[in-house]
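Common to both upcoming complexes is subunit A, partnered first by subunit B, then by subunit C.
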Partner chain A sequence: MTLVIEAAVLGVLTGGVYALMASGLTLIFGVMRIINVGHGALVVLGAYLSFALFRSLHMDPFLSLVVTMPVMFALGVVLQLVFIRPLKTDREALSVLVTYALALGIEGVLGYVFTTNFVELRAWYETASFEVFGFHITWVYVFGFALCLTILGALFLMLYRTSFGGAIRATMLNRTAAQLIGVDVDRVAAIAFGIGVATAAAGGVVFGITNAFNPGSHYDLISRLLTIIVLGGLGSLRGAVIAALIMLVSEDITQVLISPVWANFVFFVILVVILIVRPQGLYGVRVRDRI
Partner chain B sequence: MRKPLSMIVAGLALVLSACGTSSSNAGGSPAPAAPITIGVSLSLSGDFSGDGKALQQGYDLWAQDINAKGGLLGHRVTMKYVDDASSTQQVVTNYQTLITQDKVALVFGPFSSLLTIPASTVTDRYGYAFPEPAGGGPKVFAQGLHSIFFVQPAAVEDNLVSYTKFLLSLPSDQRPKTAAYATEDDPFTQPQIDKAKSLLEAGGITTASYKVYPAEATSWDALALQVVNSKADVAILGTQEPDAVAFVKVFQQQHFNPKSIIETTGPDQGKDFADKVGAKNTEGIMVPAGWTSSAKAYGNEKFTIEFVAKYGGAFGDISADAAEAYSVGQVVDQAAQKANSIDNKALITALHSGTYQTIQGPMSFDSVGKPQGGVGVYLEQWQGAQAIFVYPSSVAAAQPEYPKPNWP
Partner chain C sequence: MSGTRTLAITPGRVTALKGLAMLLVAILALILPLIAPDPATTGMAVFTVMYVGLASAWNIMGGYTGYISLGHAAFFGFGAYSFGLMINHLNMAPGYLPFVLVPVAGLLTAALAVGIGWVALRTRAATFVIVTIAFMFMLQLLGENLVKLTGGGAGLALPYSHDWGGDFFNIPYYYAMLALAVLTIGVSWWIRRSKFGLGLLAIRDDEDKALAVGVPTRSFKLTAFVISAVLVGMIGAVYAYYVTYLYPQFAFDPLIGISMVLMAFLGGLGTVSGPVIGALLLEPAQMEFAYRFGASRLYLVFYAAVFLIVILLLPRGIVPSVADLVHSWRRRRQAGPTAGGSRNAPVSAGEEPPATAQQRLASP
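So, the complex of A and B:
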């Protein structure tokens, strides 16, 4: 039983990291109705930027976010302007191709600059832990979870307490109607894409401290992140958080209770059952097709 | 139509001049044989990229050496590498392309049993000899192919035999009572763990935990927690490098200090491993190894000196993968000389008989390419931030540290 509780705690803490990484992806989908298959590569890029600062300036990975998040925000805005905005028709399908090409490009550049060897971010707190009821909780997961809460909290505040957040939500609900009431949807889309990419940098740091990664790590990452946002409901921030927790907790408990081999299977059973009951995901909005 | 005489004479002159050239050449030094290309699919990206790069270094160094002494039976060697991204599908495509389109003269093996198994079915179909440095799992030999030659001192499932002998040789009051096992479901790692488990159980060491996890897993924390919770005296782990590092970190986080930790791969990666877990955290961690930079085997001293000169670093930083790749070239060189040919059929015949000297020691191969070296795989342990042989005593450079010191 102790082991199950320990696995559940670990699942919640790592689930927070995945929630952070998935939040940008779901935000981008919500605003622009595009599937950013390159989001995993952007997370890995964020991890590498922190790695570069750590290697050259010995900058603490969490502290490096002060540099990497603005850089990634700017990169996100540029990517949106150059690659996404020109897509005028069939955006959902074309965006998959464009962002996949983007992912391959990022992987290639990272492989050239950093080689394909696995690397890890190092910090004093990666192996330091404190004891709670006989279980050692690692500081890095606590810091990661705190970062996740902070950034997700800031995202919620921005979405629900600011006029720009109102513009984003209006665009998410109905792009044309938002335009009609004077929302500059192109500007909203560019900034939302930038914010999504900046959160990828934050997620990348925690991912990079808790996992060995290389330029090819984005393949596994994007498949997990897409599954999370589908379960949570495409475009729903709250759904992404809950889905990430369900994924990681169910996987970790299955690992210790049954077998690691069944961990993914059990999660996908949960996913299928939920999608049968709620095809739009946990917090997704049901969209009626035009007749 | 009659051809003009001048044309006939010119044609004759050309033929005669050609004869003259060949006869004058026959009287002088022999013409250099045509250059050849050796094709290899390497994991330059993906899970095995660290090992793939190390293999490339070993192959490149061998090619440099063989060309410096005039080539492989006089054929200048060029290596052609293609990235398989650690994928079992891509590795098949790569060898198919190397053989049918690039028409390489010879092929050398990729990294891991996982990739060697599908690759060998292709190379065997085309009649190519397949000397390979890193595919030694039982499933490789279970195929019954006569073209495979695993260039390591022992079959993979025997890799942890030295370790089990070491544990069982300890005085009864020090000998561990329980062991926890966790391994990837990989044809390289799992057979080693399963054999170690059966030997230790037969020796009276109880199994506290045994878990097999998918090779594609990317998170090992919950799994490592199970090993921690087993409170076993020793942790025996069937890992590649990323999970090897993850286990060490979780053990540290949880203040889990078993008397001994051994990992099948990871700690053999020299500086790369020390950089990832922190040099001071490596103390006491063990790994099975068939090669060490200080070994007195055939050509090893030359290899280590040249390696450091070409790639930098220290002797202790050289990956065993690079040494295994270099050995592949040594074996092929000797087989070519023995057969006086680089024809694949002749090489296969030659490799099935005789003993070949390598930097890992002498070895020969049975009918399915299993090594019959008799050298065995030794036990290496990190001591003072470097990995050194500690068992058996015939090769040991230091006494084994047992129990392993607690985490710093």
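So, the complex of A and C:
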């Protein structure tokens, strides 16, 4: 039983990281109606940027976010301007292919620069742990969870308390109507994409400390992230956060109760069940032509 | 309509030209092993013809109905593994006989596709794309985890014929792949001409309206999905027999899934010849690149670049763009004021004179 509780706690802590990565993905979908299949690759890219800073300047991975997040934000804006904006027709389908291509390109470049050997971000809190009620918890999970809470909190504040956040939400609700009331939707889209990519960088750091990764790691990541946002309901931030927690907790509990090799499988089982019961996801709305 | 001027491009002449080109390609494909018998060329030919079949099969679902599946590698790998398991458990002697298992693998894939399709087709557009990706990773994971059945990450070995040595080794597989590719193109062509195909195009244009005018969208979509999956599964079976060793991460490779999509897009989505042309252009180029830069993973960058260029510059693909050129040239030659009309309808089918599926449905 203690093992199950420990697994659940760990699930919540890692769930926070996935919540952060998935919220960037679902934000991008909500604003632009595109699925960023390259999100996993961008997470891995963020991890590699921190890895490079650590290797050359011995910069602490969390501290390196001060550098990598703005860089990734700029990258996101550029990617949106160059590759997403030119898509005029059949955007949803084409964007999947374009972002898939971006993922392949990023994987190829990373493989060329860093080789395909697995690496890991290192810091003292990677292995050091503390004890609460007899449970051992490694510091990195706590730090990672705190970081994700902070960024998610900032994201929600920005969305619900600022006028720019209002513009984003208006664009998510109805692009044309937002345009009519004077929202510069193109600018909103570019910035939202940048924000999504910047959160990928933050997620990448925590992912990189808790997992060994290589340029090909993005396949596994993106399949999980996509499952999470479908479960939560495409475009719903709240849904993404809750879905991430559900997924990771059930994964970690399966790992303890059944076997580690089947832990991943739970993701897909939950997805299939949800699709049969509620195809629009937990917080999704069923709209004609959208689901 | 038949212009008799010497240089006029008439519909009759276009058809004749197309027929001639098809005949040439078919003859070339048939005698290729005689012209270039070296294993390097025939090996490349096996994979090229394999992708001709895969892209055409994918197009039956993705091109005609507009439902983009990025998870067709699931059916490819499933066909491959079911073939491998059957040949091993039946203790079949390698040779020509195991090819009879290919249709059986296709039938098994059909059963899987009905299940996956039933769940996945509850969703549309973006969600459908995601669900197909998820199913592909799910099957990959099953391949890795069901160690007793599949051998897991250690791989599954298949017997191979020692009689087919040297230059001959690739030949039986080449013709098997070619037969499947021809079958796929035939099925695709037949669907494109049938009322069923018309219904699929109507679904692509506007699914709700299609349902309203009486297209049984649910069963049509599922049928197209299953047909497409069966063909992919059979090609996967021949692939398994050819490579003789199956690993989950190579049989259920996301790159295979995305390659067929890219080829169909490059050639022209929803056309019969588009995926064929796309595969013929792309697969040899990709193999050459992987061969030269494979170790450095730079071939992925090449792949990404081709992909981006195709989608940003030629979003409709080669065949529809060329068809447009021909049409506008012909119109200029005729120079009649009546030649305008419905030409501007945004139909991406391209191979046929324009008219949206809905218009064609209305006038039987």
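Everything that follows uses one rule, which is that the second predicted complex is superposed on the first by the 282 of 291 C-alpha atoms of A that agree within 3 Å, B and C clash if a C-alpha of one lies under 4 Å from a C-alpha of the other, contacts with A are read in each partner's own complex, and residues count from 1 in each chain.
Please note the rule applied: a residue touches a chain if its C-beta (ideal position, glycine included) is under 8 Å from a C-beta of that chain, and two chains touch if they have at least 3 such contacts.
Because the structure is predicted, anything quoted here is derived from the model rather than measured.
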First, second, both or neither for A:H136, with subunit B first and subunit C second: first
Contacts of A:P215 with subunit B and subunit C, given as first, second, both or neither: both
Contacts of A:R33 with subunit B and subunit C, given as first, second, both or neither: second
Subunit B versus subunit C as contact partner of A:R122, first or second or both or neither: first
Partner chain(s) touched by A:L10 [first = subunit B, second = subunit C, both, neither]: first
First (subunit B), second (subunit C), both or neither touched by A:V261: both
Subunit B versus subunit C as contact partner of A:V66, first or second or both or neither: neither
Subunit B versus subunit C as contact partner of A:M158, first or second or both or neither: neither
First (subunit B), second (subunit C), both or neither touched by A:A101: second
Subunit A: partner with more touched residues, subunit B or subunit C: C
Overlapping contact positions on subunit A, where the subunit C interface meets the subunit B interface: 111, 116, 215, 220, 261, 264
Partner subunit A, residues of subunit C touching it in the complex: 66, 68, 70, 119-120, 122-127, 129-131, 133-135, 137-138, 141-142, 144-145, 207-208, 254-255, 258, 261-262, 265, 296-305, 307-308, 311-312, 315, 346
Of subunit B, residues touching subunit A in the complex: 44-46, 49-50, 53, 85, 185, 211-214, 216-219, 221-223, 225-226, 229, 241-242, 245-246, 249, 252-255, 272, 276, 278, 281, 407
Residues of subunit A defined as touching subunit C within the complex: 29, 33, 35, 37, 83, 86-87, 89-90, 92-94, 96-98, 100-102, 104-105, 107-109, 111-112, 116, 215, 219-220, 222-223, 226-227, 229-230, 234, 261-262, 264-265, 267-268, 271-272, 275-276, 279, 288-291
Residues of subunit A defined as touching subunit B within the complex: 2-3, 6-7, 10-11, 14, 111, 115-120, 122, 126-129, 136, 138, 210-212, 214-217, 220, 251-252, 255-256, 259-261, 263-264
